[in-house]
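These notes concern the structure reproduced below.
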């Protein structure tokens, strides 16, 4: 609850006058009203942007997959088919909202909403830039993992509520997959937390520098492996690519959201794509230096913030691209392979990384490999 | 010379080690064992001789002594027992005599027992016995004295009963052991009294002679009464009973004649020279107690009666060894008489001289018996009536035996005369001075006469006259001079001459040798520890064993011969004249005895048969030893002891068992009856069954509670927690 | 309005709901749900007292431990219930009366 | 004002969730309401300034336990487990005999007394002092976990390991299933 977007904006002129005005008029709860307004506006902006990014995600995926398969991809709607997602959105809205018989009505309605709340909940902590993160909770990472596990529950409930065997199977698979991959993700994130010494995204990002050699990915061999474990885990977390068993078309039609039509399905699909973006953002923030700009151009000025935003978005979209590419290259895993991969490979590696990072911290006093090799102890002030 | 353990302890240890090693090698190497024993005894003889030389020849002082002790028991301040060795002039001489005579007897024994199949076993017991006797001579206190005393008792028992195939030696050894045991019991009482008194006086109980003498010197015994008798008298009596038992004095003399069942060297060593002498040595050592207890008169009476009685019995004996046995008893009587009469060093001298010639007599009688082999019975002949005229067959033995008989009968120039004459002289003085002593004096002189008579009776019966059993005589092969048979006898007979002991042929100074003062060692070196001589023991110091002797630092004054024996001139003259009369009297008696024997057995002018028939009553009494055995066995044991035994049995069975044991039984019954009653009623019905019923009831209640319904359990838990919280006093 | 009392009231309500859930429901898993509620109520109390009374961090730590152990307990309990179901074919609480006295 | 709204929302969420857990027939709905009450609890923790505990609450309960419960429900015969037991007897919640009711009533009374006693004492002598402002608690918790409560911390890690392995072994489907 420390430095949020509100505290950042309050530093600038116009917002400051607004603040004084509100404090005179509403007395004690003036600042809270001010914070509320700012949050309201901020949330609206971020949600709309992210939804468009989600939509563009679908577009991007179809375009890239087409490109990889030497075909055109959508180019009818808007220049180069850029507005394809809007068309899909309208289609979704127009579709008839079918509720199958004997469906657990309460859960049927709640499941999509839970998925969306889970995803949008995580937006609060994603560090777009030093100023524009909504709230830089000092338990940010833990909050994020907690909220994102809601999605897993939503998937399961969706599968269960639609009262059909296939969706039920899809739901069970999805839930178990998400839960089991949560562990390696948490462990690798812990490795980074260990290095940066704080749970909040701001602290972690500030602990990294602008240049790649200052990012955590190259900090020491253990975090390097940790990055890939996190990436694989996040793929599984978002039911993407090799791990997209829950909505494996070949076996379970489309898994847990077969019975959902219209806007409910849109929620699920949107939630999925936004979550991919969120996960890539988190990976970027943790390992690729987040909004850190080389030559530490970033700063409190608007331009600095914009530069930081640019850096963050470029890194995240790069990862996003990579995720999409993986979808069309790797074959789908069997369920037991999925499980053995998680429990017998990823988790041990993640544990090894965590211990390795700890030992590295203790052994080299937190200095990165680069600093150790190229700079004598005194010159570099050490990341930590 | 410095006295360390190395030159004192081996005297006792050598024969003892010979016994220990011998007991292992007895079966396999008998010959080796025999030789080993002789060498051991010779070793201790050399050491004793060395001590004797130092004591008598170069020190020559009456109060020169060595006293080394070590702590045997140390149980705190009240009970601390020190043992050790104490050598003064007397024990030095005794050591020399015992080891010397012992060695010669062992030498003879190798001849005498040579062919016996248990030869090694015999030699081992002999060496153990010698170790015991040497231990007695060396020990500085009554306890180790008593221990070695018992070792000797055991050896005499086992040696008497050596021929255990025959039944007689068994009985004899048992008899000897039992009678000496009676004496020892009283000796033990004496020990207890000494311990008690020394504890009272100097706080720390002790048995050593020196402490005993100091206690008596500063009046430890005075005024103490025990059962109405003054303690000193009682103690003296106890010790003297020890002597009576061991030296076969008047009441307990029955065992010595029977002890002749053992082999002759044993009789020579044990029942002539050493063991019986130990008894007299005991009374010599505890003389102050006897004197403090005013027992000297009693002692002299016992001595006189024994001497006379034994002499009379010896007259009628037909067995050569029996005669010698009784002569031993009477000579011991003379020694005790000497002690009683107060002539301390004469008694000791007679002990030494008697040991020498009696050992020689026994050994020679042994060689006689050994050579007389009866083909019919296969055994050796000891009966004098069957002997006679053996002089021709055994010239050496005959010669030796004659010399020793002359010594024992008190013929002048011989040691017997010197010592016996002094005893009789002192007895004469005391008898004239104090009428109480008159009977012992008369008995002493008559005994001396009889001694001379029966000794020469034996000589004439065996060696002179015609051989009465011709066949036996022919079988007896003539004697060739052999080292282990005849040499010891010759040496022993050599030492029966008087001049060794008194520096003058007659011992009375009739024929003096130049420089007689230091030859008269018996007279000068041995001091009677009577009342006023005890003072010197006050500053006696005992040394820790194992330390080199520091005695030479103190110079002991040389003592010299005092012709007046410490009496005033006029008394000395009076005593001297009386001694002269005594000497002349005893010489006359000796020759009279010999002449009578000559008349009776050679000239046959007196007919022994006549004497036997006219005094047949006396003859019979003498024959069966004044009926002592009869009196003891039939009267004392059968009539008195068995009756007493029955009485005790009656008391034990009748009173003790009936009242206490059985009585106690029905007390138990009573209690057990009520215990069972209580057990049935209370414990069973109430206790056991009661609890059973209780459990069943309680079970009912609990079962309903344990309904298995988990939610019900949760409610109960919740209820209990809530009520507990209710009780909490919330601040 | 946000005083200690309101928090205590909320935790009491939770506690009562937990107890009722345990007592009223016949399905073992429902009982476990009730149990979770009770544990949460107690954890809430701890945090509330830390906030309003002595602000020592121990309250937080204790509630953390409650959460951790409650999770472990839930896992084991459900494993047991699974095994019970495999053996008994039913999860009805009244069938689990084997430990009857 | 912001705190108040957060408090109001999470309190309502928690209480309604808890009550619905009891009243719903369907077990799955009970789990979801439980999830709602846990979310409410997290909110309450936030109002109490315990942000780390709220996060952990979210992570553990919302992320783990509820899903566990849902899985358990699915694996043991679904939400509408048959009301009657093996013998076909329909067991209603209120079945029981005099004994259970008496003890139930007794406990209700006792609990009521306890509550009354507690609240009286709280209202009587608890005065809301000046509340300390919110501080980030993560560092303090981390520090005290490692220093003061390290024993409990280590033991709970062992306990979790035990629970992990135990649960896995117990719930393993056995080869020889006894039907």
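Miscellaneous remarks
Going by the order they are written in, the chains are A, B, C and D; count residues from 1 in each one.
Keep this in mind: a residue touches a chain if its C-beta (ideal position, glycine included) is under 8 Å from a C-beta of that chain, and two chains touch if they have at least 3 such contacts.
Owing to the predicted nature of the structure, the values given are computational and were not obtained by experimental measurement.
Looking at C-D alongside B-D, one finds more C-beta pairs in contact between the chains of C-D. Taking each chain's centre as the average of its CA atoms, chain C and chain D sit 4 Å apart. Annotation: 108 Å between the Cα-based centres of chain B and chain D.
Each chain gets a centre from the mean of its Cα atoms; for chain A and chain B, those two points are 123 Å apart. Averaging Cα coordinates per chain places chain B and chain C 104 Å apart. The set of chain B residues touching two or more other chains comprises 715, 718.
Contact with two or more other chains is made by residues 52, 56-57, 64, 71, 104, 111, 118 of chain D. Residue positions of chain C touching 2 or more other chains, listed in rising order: 23, 94.
Chains touching one another, given as pairs, are A-D, B-C, B-D, C-D. Against chain B, the residues of chain D that register as touching in their complex are 99-100, 103-104, 106-107, 110-111, 113-114, 117-118, 121, 125. Across the interface of their complex, chain B is touched by residues 19, 22-23, 31, 93-94, 96-101 of chain C.
Touching chain D in their complex are the following residues of chain B: 704, 712, 715-716, 718-719, 722-723, 725-726, 730-731.
By the touch criterion given at the top, residues 1-8, 10, 12-14, 16-18, 20-21, 23-30, 32-34, 36-37, 40, 43-44, 47-48, 50-52, 55, 57-58, 60-61, 63-65, 67-76, 78-83, 85-92, 94-95 of chain C touch chain D in their complex.
Contacts from chain D toward chain A in the complex involve residues 1-2, 26, 28-29, 32, 35, 42, 51-52, 54-59, 62-64, 66-67, 70-71, 74, 134, 136, 138.
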